[in-house]
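Before I ask anything, here is the structure I am working with.
Each chain carries a letter (A, B, C, D, E and F) given by its place in the written order, and its residues are counted from 1.
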Amino acid sequence: MTASPHPTTAAPVTDAEYRAVCEFLYDEAALLDQDAYAAWLGLLTADVRYRLRARTLRALDQAASTYRVVDNNAEELRIRVGQISDPRLTFAENPPSITRRHLHNIRVRAAAEPGELHVTVNVLLHRSRGVEGEEHCYSAQRHDVLRRTDDGYLLAAREVVLDSTVIKSMNVSVLF
Amino acid sequence: MTASPHPTTAAPVTDAEYRAVCEFLYDEAALLDQDAYAAWLGLLTADVRYRLRARTLRALDQAASTYRVVDNNAEELRIRVGQISDPRLTFAENPPSITRRHLHNIRVRAAAEPGELHVTVNVLLHRSRGVEGEEHCYSAQRHDVLRRTDDGYLLAAREVVLDSTVIKSMNVSVLF
Amino acid sequence: MTASPHPTTAAPVTDAEYRAVCEFLYDEAALLDQDAYAAWLGLLTADVRYRLRARTLRALDQAASTYRVVDNNAEELRIRVGQISDPRLTFAENPPSITRRHLHNIRVRAAAEPGELHVTVNVLLHRSRGVEGEEHCYSAQRHDVLRRTDDGYLLAAREVVLDSTVIKSMNVSVLF
Amino acid sequence: MTQSSHAPCPPQPWIDDKTGTVSRRIFDDEGIFALEKARIFRRSWLYLAHESEIAAPGDVVTRRLAGDPVIVARRDDGGIGVYLNSCRHRGVRLCRVDSGSMRRFVCPYHGWTFGNDGALLSTTVDNLFPEGTDFTKLGLIPVPRVATYKGLIFGSWNTEVGPLEDHLGDFRWYLDLFFARTPGGATVLGPPQRFVVNADWKTAAINFGTDNTHIITTHIGPLTLSKTAFDRKQIMGALRDAVQVSTPGGHSVSLVTVPGRPYAHYPEELHPLYERTLDESQRVILRDLAIGVSTVFPNLSFIENIAQEVAPGVHVKGLLMRQWQPVGPGKIEVLSWCFAEREASAEYREAALVRGVNDFGVGGVFEQEDVELWSSIGDLSRSPAGDGHPFVFATALPHLDDPVADHPGPGRAYRPFASEITQFKFLQHWNQLMTEEPA
Amino acid sequence: MTQSSHAPCPPQPWIDDKTGTVSRRIFDDEGIFALEKARIFRRSWLYLAHESEIAAPGDVVTRRLAGDPVIVARRDDGGIGVYLNSCRHRGVRLCRVDSGSMRRFVCPYHGWTFGNDGALLSTTVDNLFPEGTDFTKLGLIPVPRVATYKGLIFGSWNTEVGPLEDHLGDFRWYLDLFFARTPGGATVLGPPQRFVVNADWKTAAINFGTDNTHIITTHIGPLTLSKTAFDRKQIMGALRDAVQVSTPGGHSVSLVTVPGRPYAHYPEELHPLYERTLDESQRVILRDLAIGVSTVFPNLSFIENIAQEVAPGVHVKGLLMRQWQPVGPGKIEVLSWCFAEREASAEYREAALVRGVNDFGVGGVFEQEDVELWSSIGDLSRSPAGDGHPFVFATALPHLDDPVADHPGPGRAYRPFASEITQFKFLQHWNQLMTEEPA
Amino acid sequence: MTQSSHAPCPPQPWIDDKTGTVSRRIFDDEGIFALEKARIFRRSWLYLAHESEIAAPGDVVTRRLAGDPVIVARRDDGGIGVYLNSCRHRGVRLCRVDSGSMRRFVCPYHGWTFGNDGALLSTTVDNLFPEGTDFTKLGLIPVPRVATYKGLIFGSWNTEVGPLEDHLGDFRWYLDLFFARTPGGATVLGPPQRFVVNADWKTAAINFGTDNTHIITTHIGPLTLSKTAFDRKQIMGALRDAVQVSTPGGHSVSLVTVPGRPYAHYPEELHPLYERTLDESQRVILRDLAIGVSTVFPNLSFIENIAQEVAPGVHVKGLLMRQWQPVGPGKIEVLSWCFAEREASAEYREAALVRGVNDFGVGGVFEQEDVELWSSIGDLSRSPAGDGHPFVFATALPHLDDPVADHPGPGRAYRPFASEITQFKFLQHWNQLMTEEPA
């Protein structure tokens, strides 16, 4: 088990907000699925944080643990995206991975910070890459922080924990 | 990336409609999961179109592309279903594949055509076949057109794009 | 096809109830994902029944069939949980499997029994185990019975049918 | 993929009778696997199915015999036909289901049609064949030897194999105790579970035939938590008195008895049937039987587990058969069936099935632990670092030639229960088959 | 993984000309696979691509030639260059897409840059090389033999292979009938489907070249349900009159004709082009052609299926090419292209593509059935139990040396249509290549 | 699966010293893989873990040594014990986690219990063993040679291997520069990443040891976008002056220095510790060090990357170690650890960890590009078409015997930085081990 950074005691949000958040998440995932990185960057707050970790294997009575895979602040995330979206700057993502983000078990809670929402999402990210069509499906849990703005929601933080101890995919050059 | 045939600018539908569409899609998927083809055919409009494509691998700066796998008009689709539902007429689906359609990221928009809805759905289709229990999981995106009728929704069009460039499953004798 | 034990003719429940049920299922799944078994046991009715079956391969015109894998009454289920949650009593789950329950196609209907709900859910259960990080993804359909109580919903019955004829995972020491 | 037959075997000796040790290398090895297929699986009698699975004419199940897919069919004449599940014309799989009912096998490719006696009935183009073609030579490829013992169907690819009776020999006495203790005999309770374990088939076979030490370590969970019919003191006493029995041919069984009310945890209505069907020496065992667990050489095992209290005062035992089908080096597919007496009530059979699957099989709280451990061995048995550090069965030695006298059944019975005697005898028999040149 | 070349082959003879039988063991065998690669795939001309796939300078597609990844490029000079898709420096894959347009190949690892004529243009560090380094020797590794026949591009790793014209020989007459029957010739209708089938490549090749018996069993579904251009009686008559043709080199084609309105189901506007392009003997066939299906040795097949009525009075035929790329013993990757005449209208090409994929390929209602059956054979062809029970092609024998006289095309034509003549000839040719010592 | 040892190797010579070329076939080959295991991995010292991973008595990590699972344990006596992770009784995996804390290893199968010194403490049935059984002979199978160098733990299966000091030799001077430059030495920053790459271990090893050309092509992305501590002109000048160093035994390191403020991008508070710990020749390097990257023969690499500005005026460097564990032909599992000085502040260690993973490892913007390219080689190195077209390391030749004189450290240092000298020396050392008959 990994401790969620989100309090689970807060009340669920209204139905309208729940549906709006889901719509946001679906649209946002679709942008990544389509490699529409410029539009995706428009959905991030200026102080966004993007982190990805994976698991270690511990005994049932010893504390669970993870290892860090990515830990980007806003600027680093934009640089990362700049790399994988520019055909001159990447080979890992040129030709691009064919990805599909399947979202599940979406739970939304008001955050302590007013105007912010804590969102927990289970993700299956299907990735096909390379000329032999190698396929890989990542299972993960995401903890997102969304911020309500005049332009709609923005993503303020994303914390991904892969449900894997050994990553079988050579690299994780795709975003969750 | 593949261009969606659906406009994404239209407003989301009402909550009630959204839930009704989800219910329809879940019930419809369950019919296919159960090989209940006769009932499933009852959910199609007379002019239904069913298409399935898969992806090619192109450079990041060259236009994405697909190849065609199935392109059935209403009559051909009924013939296809007639084949796989009749034990005397198929071996590919006799014994039948054991399938489960897992639907995600459902987005519903009003279509330009009054009474029609554009639905985008991510799909993981799990398929087990043959006496050795070979399993395959297809990842795809579906673009459905639903038509509101007095008998509830009917499926007017389904366009499936597999997230694969090489199909590892020998055939695609199952419906999405 | 497997016959669902649930009537599909009953009307869908209200939107509020639907969302509440989804929240319950997501929270409940999260407890299992986190190996939080003590809390999970608190969500069961005193007479809960937990069953798991898998499929056999039959001709299209011969009756579908399953084989039994688990059939626990309340006491046996608690014993099963007692085993896999105690580091001194299990090796199959110590170190614990890393699991993620991805829920889909949730359908809720009022049951004949007042205060009970019939819930059908498609599940992809991702499991990583062992020091080599072996990964397995189960596809299944679940038929749950929920009971409305003063403390919220409780799980009164869970019937799982795996979409597999040959189980490739050595054991099924995880709960769906 | 084919052609593993040219892989060399690890160096002998594989078994050292003197020290009671066994080479680590014989588990999960490509060369050993190929030789086992040739020397054991293609030569021996192997279990196929139970007659209750193909009760009516036209009933079929598909299974593997030494790795080859076969059809096991109840013929129209009531006999049992077993055939390679491959069209005689050009090899396509004929019967494409786990089980079903079909009187003819019609090949989906070109329509060749065979009766359930294996005879070719039509090629659809008989007239295109050369004059004088003998179509009776173009029937299904039969498994040359098929025989049953009280409902248990066995087959062998080896035309020269001795009678099944000789293969089972004295062990039939024990099979009766579990699968033929009423006039109607046993019946399967539904189709088998099928699951895949990354373990050597011998690891599983010697666990059931019989690893009596692991019970209180590996299965500490259910032993601690489950509501078994006996208290801990009773069980400990019973284990002290229990015997492990070995019969010629590598078969073995362990029997744990707890004296008390006769047939205490068997259904009341069956007691007279046991009395009528078994002979007195068998009845002596069954009346007090708490646990029976066995391996029939090479890869068939069964267990009747300790009764559990499923409702106040109601005890039920599960009776399970399992076959460890070798599918590659260090890899098996397990088939697991539940059984009960044909005369048992529907309620009891349901309860026995529930009991069976909750304890054993892919979801059983006992077996989920075993497979986890078995599957960890293969990866570790291949290191050269292990050479000179063979697996240890030394507890077999002190009483290996010292059977007890107070056991009523055939074969040689041994104590102490926890010593590794029958396991080692299994491997000695394996070694003999693997190393002696065939006649 | 590599080094399968040391696996032994199953015992000969693999083909028995006398009895018309074929060893079960040559399908899905590691040793056979390695020998096939050496004796057939590394020596023969193999199909690579169609010129319409790389129409403009800089266009490239990536394919496999005898298993090796290659780049097929339209060079700046209009020629066709085919190269191992591997940087000459240290082997990294150069062209990392299915298809695209690029005038230079810049290696992503250290930046070596090659022209589409294969020449090394820069290492980025030319000055660090030893004095006198001949950079012209460091170009891409070329496929030594590349040739085209009317738009079909073939290559061979064998520098000694004879001219492509000799390889195709008389079969060019038939290729014209499908791929060069108008002045513009044929054009691909988009990128190929790619899918993986657990079948031996020979199983697929002889199915198209040509297994005429399976049509009415395997494909009973579409035959029963689809709106084909002919009624059942017409079809049965046509099949009786149809021929199967074999030409030297193992190529074959089956042709089903239904007399009636000339070119009845081909687009009106193309009829004069056929008349102008083909010679009279070819026109005789095409005017009445209902079905054509063929295999060009070793692993290229095509089919023009029976027309279907897609709208009242509107008939469309699909023309598909497929290549059975062997990727391992008993495993192929299939590439499947749809074709039409370059002069066909956009509407017709769209309709032909729809027709093609709905019937054949990974989603086709015909081919979905074939692959299911083909893929069941391998597992069953390896059992020793099958020894002495070879696959049966006996219907080939009665007329194997008895071609018909009334066929206007080259090669030897045979009836009856349902006998296994061309399939057996394919395997005889295969056997010759596999068993004769290379000069 | 086992028994790959009988696969033949591709033809020699594998390395041509004259032309600076290397056979394509030695990458991703079954025979080479088996021989490498025998001649290199089972004979050499190999890295296991860092002492900071098992700081307290009872701490354990599980790793692989030449492919065999081992336990690396901090013993109760403070020493380090390394054992095959396999029960001495019947092989079950003893320690079933990545890491943890446990003073005893209790086997889950039959309860044999071992101390963390490897001694057998109990079999639970000691009384059942033959009289005179020497239980001290039944302890865990130890890795016979274990040694540490300043916190780095190495082991070898080879009892005859020379001292670790000899294996590392002069290279210790460089290890100090990165892992022992303060009194406390280095410490791991959490458990290692683990990921699988379809690449030959040698491809990875020579990339770090050191492929200086690929930096500006493969890593053009981060070079263009990231906020490195130096401007482009500074970097280009530094690369011109940089050296690659090779020491006997196949080890190598590349060092890029940029003169300026001493220790400019290292934490202020550590500067005096560097001064105190290193000798002057080492300090000369570290004061100006911009990039260090290295491979310790055979499969351990590390990199300290160029500093990046993570906040205005704040620079951080990541220090990463990685091990390329060969798990099959053309396949590695990578373990990747971040390190920092033990005396560094918690904040700095956090920043160094962030810096490390963002640049390197499975999610690093640098390494994500490398593995994509490495993994494309294997498939292309096996074609016979590549014979006669070996991989080119010719830029190694002009200065291979011409080291520079102005380098303060041991070993032989070379310029130009972009020539393939140390890579080629690595492969020459590999070739020597692979081809010379063992004494």
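By our rule, a contact is a pair of C-beta atoms (placed from the backbone, for glycine too) under 8 Å apart; a residue touches a chain by one contact, two chains touch by 3 or more.
Model, not experiment: these values are computed from the prediction.
Visitor: So which chains are sitting against chain A and chain B at once?
Guide: Chains touching both chain A and chain B: C, E.
Visitor: Any chains in contact with both chain C and chain F?
Guide: Chains touching both chain C and chain F: A, D.
Visitor: Would you mind reporting the rotation angle for the C-alpha fit of chain B onto chain C, rounded to the nearest 5 degrees?
Guide: A turn of 120 degrees brings the C-alpha atoms of chain B onto chain C.
Visitor: In angstrom, rounded to a whole number, how far apart do the mean CA points of chain E and chain F lie?
Guide: 48
Visitor: Between chain C and chain D, what's the gap in Å when you average each chain's C-alpha atoms?
Guide: Here the centre of chain D sits 31 Å away from the centre of chain C.
Visitor: Using Cα averages as centroids, what's the distance between chain A and chain E in whole Å?
Guide: 45
Visitor: Do you know which chain B residues sit against two or more other chains?
Guide: Within chain B, residues 15, 57-59, 86, 90-91, 94-95, 102, 104, 124, 130-131, 133, 137, 165-166, 168 contact more than one other chain.
Visitor: Do you know which chain F residues sit against two or more other chains?
Guide: Expected reply: 69, 93, 96-98, 108, 194, 218, 369, 373, 376.
Visitor: If each chain is a dot and touching chains are joined, what shape do you get: line, ring, star, complete or other?
Guide: other
Visitor: Run through the chains and report each pair that touches.
Guide: Applying the touch rule to all chain pairs gives A-B, A-C, A-E, A-F, B-C, B-D, B-E, C-D, C-F, D-E, D-F, E-F.
Visitor: Hey, which residues of chain B end up touching chain E in the complex?
Guide: Listed in rising order, the residues of chain B that touch chain E are 52, 54, 56-59, 62, 65, 67-73, 75-76, 79-80, 82-84, 86, 88-92, 165-173.
Visitor: What part of chain E is in contact with chain B in the complex they form?
Guide: Per the stated touch rule, the residues are 96-102, 190-198, 218, 220-222, 224-227, 310, 333, 338, 353-354, 357-358, 361-363, 365, 367-369, 371-373, 375.
Visitor: Residue numbers of chain B touching chain D in their complex, please.
Guide: 91, 94-95, 130-131, 133
Visitor: If we count contacts the way the header does, which residues on chain E are in touch with chain D in the complex?
Guide: Per the touch definition, chain E meets chain D at residues 7-8, 20, 24, 27-31, 211, 213-214, 216-218, 328-330, 369, 373, 376-377, 379-386, 389, 391-392, 394-395, 397-398, 416, 418-419.
Visitor: Show me the residue ranges of chain A that touch chain C in the complex, using the header's touch definition.
Guide: 1-2, 4, 8, 12, 15, 18, 55, 57-61, 102, 104-107, 120, 122, 124, 137, 139-141, 163-166, 168
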